[in-house]
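Heads up, the next two complexes both have chain A, just with different partners, chain B and then chain C.
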Partner chain A sequence: MKRIYVNEEYCIGCRLCEVYCLTQHSRSKKIIKAFKEETPRALARLVVEEEGPLSFAMPCRHCEDAPCVAACITGAMHRDERGAVLCDEERCVGCWTCIMVCPFGAVQRSIAGRKAASKCDLCYGEHTPVCVMHCPNEALVYEERT
Partner chain B sequence: MSLNLLASEFQVVRDDTRCIACQVCVRQCANDVHAYDAESDVVYSDETRCVGCHRCATLCPTRALTIRLALHEFRPNANWTPAALYNLYKQSQTGGVLLSGMGCDQPYPVYFDHLLLNASQVTNPSIDPLREPMELRTVIGRRPGRVEVTQGPEGLRLETRLGPHLVLETPILFSAMSYGSISYNACLSLARAAKECGILYNTGEGGLHPTLYEYGPWTIAQVASGRFGVHPEYLRTAAALEIKIGQGAKPGIGGHLPGEKVTADVSRTRMIPEGTDALSPAPHHDIYSIEDLRQLIYALKEATNYEKPVGVKVAAVHHIAPIASGIARAGADYIAIDGLRGGTGAAPTVIRNHVGIPIELAIAAVDQRLREEGIRHQVSLIAGGSIRSSADVVKAIALGADAVYIATAALVAMGCHLCQKCYTGKCNWGIATQDPYLTKRLNPNIGVRRLANLIRAWSLEIKEMLGGMGLNAIESLRGNRDHLRGVGLNEVELNALGIQAAGAA
Partner chain C sequence: MRYVIIGNSAAAVGAIEAIRQHDTEHPITVVADEPYHVYSRPLISYLLGGMVDEARMAYRPRDFYTRYRVETMLGVEVTQVNSQTQSLMLAGGGVLTYDRLLIATGGRPFVPPVPGVDLEGVFPFTRLDDARQIARYIERHHVRSAVVVGGGLIGLKTAEALMARAVRVTIVELADRILSMTFDRTASRLAESLLRRAGADVRTGLTVKEIVERQGRVEHVVLQDGERVECDLVVFAIGVRPNVGLVSNAGIPVQRGIIVDRQMWTGVPGIYAAGDCVEGYDLLLGENRPIAIWPNAYRQGYVAGCNMAGAERVYEGGFPMNSVEVCGVPTISVGITDPPEGDGYEVLERYDREALSYRRLVLRDHCLVGMICVGNVDRAGIYTGLIRARVNVAPFKDYLLAGHFGLISLPREYRKHLVVGEGIEV
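Coming up: the complex of A and B.
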C-alpha cells in the first residue's frame, strides 16, 4: 500500500505539515477558521520531531504488524480495506493501550473527552494526504515501497 | 553603545486577521525577525533585521505577511539619496568596507533593453520550430582556419587535427559558483541539471566535492588565483578548464570566503584548514603578462594531455578588446567575459557598483576586434553578467557571443530572491550558506527540476525567436548584428554595439 515516508535530509522543520493536518481534521477544514475560531482546536495527527538540524515529521507508519491493533481491547483500532490502520471512535473506550504500545508515538489522545486515538488516517477521501501535498520541500512523499 | 543611525530597510506587515500564530515564519527566518510570545499567543516581528528575502511571506500558509520597503522619507534630495545616507551611517559605525552580494543594482543603462530583434515578413519565410528542425547545438573551442583532406582508398580523410571541443545542446552554461559560496545541494542541483540538459556547469574556485566527480563530463573546473582545490585528479575529471582572472562583480580584486563558511567538507574540498578565511589574491601571482598567461594555459593543457579545452575568464573592463585578443593569442580555447552586472557571493559594494563595463558593449567590442584580426575562429566567446531571459541570450549571441553563462538566473530558479546578503552565510533559501539548518532547505531534486525547466523553456523560446528571424540554426545568428536594432541609443552607443538604429532601412 501507499504510505507516507519522510526524507529527513530535506525536512526543514517548518511544521506546515502539522498546520495542514490540523486544518484537514478540523470541522470547517478552513485554515484561518480552524485556528482562530474552532474550540477546542483540532489536533494535528502528526508531529515534527527535532533535534539540532535534524527534523522529520512522524505520522503513523500504518505498520504491517501493528501493535496498536493487536493491543486494542475493543477492536476499535482496526485495519481498513486499503491497509490503513484507523480508529473507530465509536468503539474506542479511551484505555490508551494503543498510545502505550505505539513504538513511534504516533497515537495521541483526542481532544474530545476520554476517547483516545487521534491518529493519521491518510486523509481518507483525499487523493494525497495534505501533509504530503503541502510539504514545501518534498520531504514528505506518498508512495508504494517494497 | 551609541545610537544606531540605521533604520530598517523593510517593513513586515502582518495581517492579524489572517495570522494563525503557526510560527512557520519564526522557524524559517535565519535573521530572527519573527518571535513567538507564548503568553499572548502572538507572533511579533522586529523588522530591523529583515533583509527582504521573502522566505516567511512565501511559506506563510495564510498569506498573512507582506514585506514592503520601509517608508522612512528624508527631505527630498536628488543628490544625497537615502541609499547614500545609509551607507555613510553604516560605514561610520563599522569603519569597514561595505559588502554586497549578487550583481550591480545601480541604474546604469541596460543595453539589452535597448536592442530589438528582427523577424521575417513576406520576403523571407519564418520557420515554425515545432514543425521543422531547429539546431541549438553549440560547439565551444578552437576551430581550424582551414580543413585539409586527402583522398584515400576509403574516401576522404581529415588531415587537420581538430582541437578539443565542448558540445552544448543549447548555448547556455551555468557560470562559476564555488562550493563554499553556495551549498552542496546547490552545487549538486547545478551538476545534475547540466547533465540532464547536455550543458556544463562550473565549479568556481571551490574545488570539486568527491561525490560530484561523476558529473565530470559536464563540469568546467576553474583554476583561480587562490588555486583552491586544484590537484591532478580535479583537472583530469573535468571536461574543460578555466583560468579565472577576473569576475564582473569585482574586477581587479580577489575573493574572500569568510571562515564561517569554511566547514569541514568545504575545507577538505578546497584543501585549506577548517574555519580559515579563503582569500584569493587579486592577481595570479604567476601571471603578470599575456606571456605568463600563455604559460599557465599550456601548463594546464600539458597536464591534461591536450585533451581538454582551456578557457580564460575575465571581467569586462576598459580595453577588453585587446585583452581578449591577447588571451586568444595566448592559446585559450574560449574566453569568458563577465560584465558589470555579474553576480558574486561577496564583493565590496563600491567595487560591485562602480567597476567594469556592461557586457553588451564588451561582446560587441571583442567580437569586432577578433574578426578584424582574423582570429575570431580560434576562440569561442562566452558572455555572462546578467543574462535575465532567453531574449538576452539571443541578443548576446547576435552581438557575437558563442554561448552565455548564467548564474543569477540559475539561482533565482532555485529560489533566490536577490536579497543580496549572500556574504552573511544566512541564506534563508538554503543556497548561499553552509549552515546545516539552512542547506537542507534546498532539495536538489526540486533544484534540478527547476533548473532543467528553465533551460528547456529558454531553449524553446530561443527556437521561436530564431524561427521568427527565418533562421534554423543558432550558428546563423552568431555575430549577425543585422538582426539587431537599437532604440533610444545615441550614435556613439550604436557604433560601439555595431548596430543600426531601429527604423533603418
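Coming up: the complex of A and C.
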C-alpha cells in the first residue's frame, strides 16, 4: 500500500504540513475558519519536530504489524480495507494505550471535545494526503515501497 | 484440519485474525463459557460507571465471526481436554475434535478465603456478567457505600465506576500503598491524593478479615485491625490468576500458568496457549511468567495463530504495561518502575507539581527498562520503543526528560530507522 515517507534532509520546518493537516481535519476545511473560528480547534494529525537545522514531520506509519491495533482495548484502532490504521473515535474511550505502545509518538490525545485518540487517516477520500500535497520540498512523499 | 479455540477474548481474536491471514480454508471453532459476542473486558468498569453502553462493549464488529468464518459455541463449557484423542469434552455430553487447539481460557479472579465471601452483595469483577450484576444490585438495594478489595489498577477502575454511580467507596489494599505493583511511591501517592479528592477513602496495609451480613446481605466488613467499615457492597478486584483448571490433568505442563515456548506451543502436539492463562516470555526479566494484560494476550494469540496455521512466528516477549486514567488524570506505567535501591539501576525523575506532571525513567546497563508518566503521557510510546529495542540511551540521557523530548533527541541511526524507515513491529 501507499504510505507517507519522510525525508528529513529536505524538511525545512515550514510546518505547512501541520497547517493543511489541521485544516483538512477541521469542520469547515477552510484554513482561516479552522484556525480562527472553530472551537475547539482541530488537531493536526502529525507532529513536527525541530531542533536547530534538523526537522521532520512524524505522521503515523500505518505499520504492517501495528502495535496500536494489537494493544487497543476497545477495538477502536483498526485497519481498513486499504491497509490504513484508523481510530474509530466513536468507539475510543481515551485510555491512551495506543500512545503507550506507539514507538513513533504518532498518536495524540484529543481532549478538547470527546476524548479520543487522534492520528493520521491518510486523508481518507483524498487522492494524496494533504501534508504531502502541500510540502514544498518533497520532505514528505506518498508512495508504494516494497 | 480443524482449529479449535477455547476462550473468546483478546487472545482468541488475535489467533483468529492470524489464522485467517494464512489459512482461509479450514474451519475455526470458538468454544467459550460466556454466551456473548466478543467484548472488551477492560471496558466492564466503563460499563458499570455508565461511561459506555452495552453496544460499545463489542471488541470486534457484530459480523466478526461471519467475516472470519468462525463457528461459535458460546455459552458452552469445556470440561476436559484429551490430548490423546485430540478432543474436547463439553458440558452436556458433546465432544469436539481438533487438529490445532488454542487454550485461551484467560484468568480467574482471585478471591481470598475470607468469611462471608459467599454473601449476597459480594462480587468479583472480571466479566461482563459481574458488571451487570453489580449494577443491578446497586439499583435494587439502593447501595450507598462499597468496599473495594484491591488497590491495583482494576481496583481503582472499579472504585471510579462505583463513584460515578454515586456510591461511596473505601479501597482496602494489603500493601502499604495503592498501585504498588505498577507505580513507585511518588506516583502512588499522587494517585491516592486524586482518589481522596474524588471522595474515596483509601486504607492501606490492611486486609478484610470478615464480611458480616444482616438478613443475608452484606452490612459491613471488619478489617484486620478490627475496624468496622459499613458497606452494602463488596467487590474483590485483586486481579486474576491463570485459569488453568481445564488443563491440569491433560498432560499440558503448568506451573503458575500454562508453560509455552516462544511460539506459544505447549509441547503437546497440536496444542497452543495464549493470554492470561499462560506464562509468556518477559522480555525484561528474560524468563517466562504470567503478565495478565490485554495487549500481550492479543499478541500471544496472534503468534499462536500464525504457528497453528503453519506460518512460523516467534513471540518477541512482553513486559507489564498499563495505561489508565485515574480520576481523569492519565497515567502510563511500563516495565520495571520501582527497582530495589542500587542494584545496578539508575532512576531519572521529573516532577512538576503545579502542572501535575510526573515522569520517572528506570535505566539498567544504559538501557531504559521502565517508566512512569502521570499527567502528561504524550509520546510516552517513544520510551516504550526504547525499552523494547534495548537502545543504549547513555548518549542522550540528558534529553530523556526534557520538555521537548521526541524522536529528534534520539541518536541519528535509531531515529533514521524510525523516521525514514517502514512501520516496524514492536
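Basically, the second predicted complex is superposed on the first by the 142 of 146 C-alpha atoms of A that agree within 3 Å, B and C clash if a C-alpha of one lies under 4 Å from a C-alpha of the other, contacts with A are read in each partner's own complex, and residues count from 1 in each chain.
In this section, a contact is a pair of C-beta atoms (placed from the backbone, for glycine too) under 8 Å apart; a residue touches a chain by one contact, two chains touch by 3 or more.
Please read all numbers here as calculations on a predicted model, not as lab measurements.
Engineer: After aligning the two structures on chain A, examine chain B and chain C and state clash or fit.
Structural biologist: Partners fit side by side after overlay.
Engineer: For A:I31, using the defined touch cut-off, is the partner it touches chain B, chain C, both, or neither? Pick first, second, both or neither.
Structural biologist: Touch partner of A:I31: chain B, not chain C.
Engineer: How wide is the angle at chain A between chain B and chain C, using CA centres, rounded to the nearest 10°?
Structural biologist: After fitting both complexes on chain A, the angle is 150 degrees.
Engineer: In the overlay, answer first, second, both or neither for which of chain B and chain C A:M100 touches.
Structural biologist: In the superposition, A:M100 contacts chain C only.
Engineer: I'd like to know which partner A:C14 touches here: chain B for first, chain C for second, both or neither.
Structural biologist: After superposing on A, A:C14 lies in contact with chain B but is clear of chain C.
Engineer: Contacts for A:M1 in the overlay, against chain B (first) and chain C (second): which applies, first, second, both or neither?
Structural biologist: neither
Engineer: Of chain B and chain C, which one contacts the greater number of residues in chain A?
Structural biologist: C
Engineer: So, A:E138: does it touch chain B (first), chain C (second), both, or neither?
Structural biologist: first
Engineer: Looking at the overlay, what does A:D65 touch: chain B (first), chain C (second), both, or neither?
Structural biologist: In the superposition, A:D65 contacts chain C only.
Engineer: Once both structures are overlaid on their shared chain, how near does any Cα of chain B get to a Cα of chain C? Whole angstrom is fine.
Structural biologist: In this superposition, no C-alpha atom of chain B lies closer than 15 Å to one of chain C.
Engineer: Just to be sure I follow: which residues of chain A are touched by chain B in one complex and then by chain C in the other one?
Structural biologist: 7
Engineer: In the complex formed with chain C, which residues of chain A make contact?
Structural biologist: The contact residues of chain A facing chain C are 3, 5-8, 47, 49-51, 54-56, 58, 61-67, 70-71, 73-75, 90-91, 93-105, 107-109, 145.
Engineer: Sort out for me which residues of chain C touch chain A in the complex.
Structural biologist: On the chain C side, the touching residues are 14, 40, 42-43, 46, 51-52, 56, 58-61, 294-295, 298-299, 302, 321-325, 330, 332, 334, 377-382, 384-386, 388-389, 404, 406-409, 416, 418-420, 422-426.
Engineer: Where on chain B does chain A make contact in their complex?
Structural biologist: Answer in residue numbers: 17-18, 20-24, 27-28, 59, 61-62, 430, 436-437, 440-441, 443, 445-446.
Engineer: Quick check: in the complex, which residue numbers of chain A touch chain B?
Structural biologist: 7, 9-16, 18-20, 31-32, 35-36, 52-53, 134, 136-139
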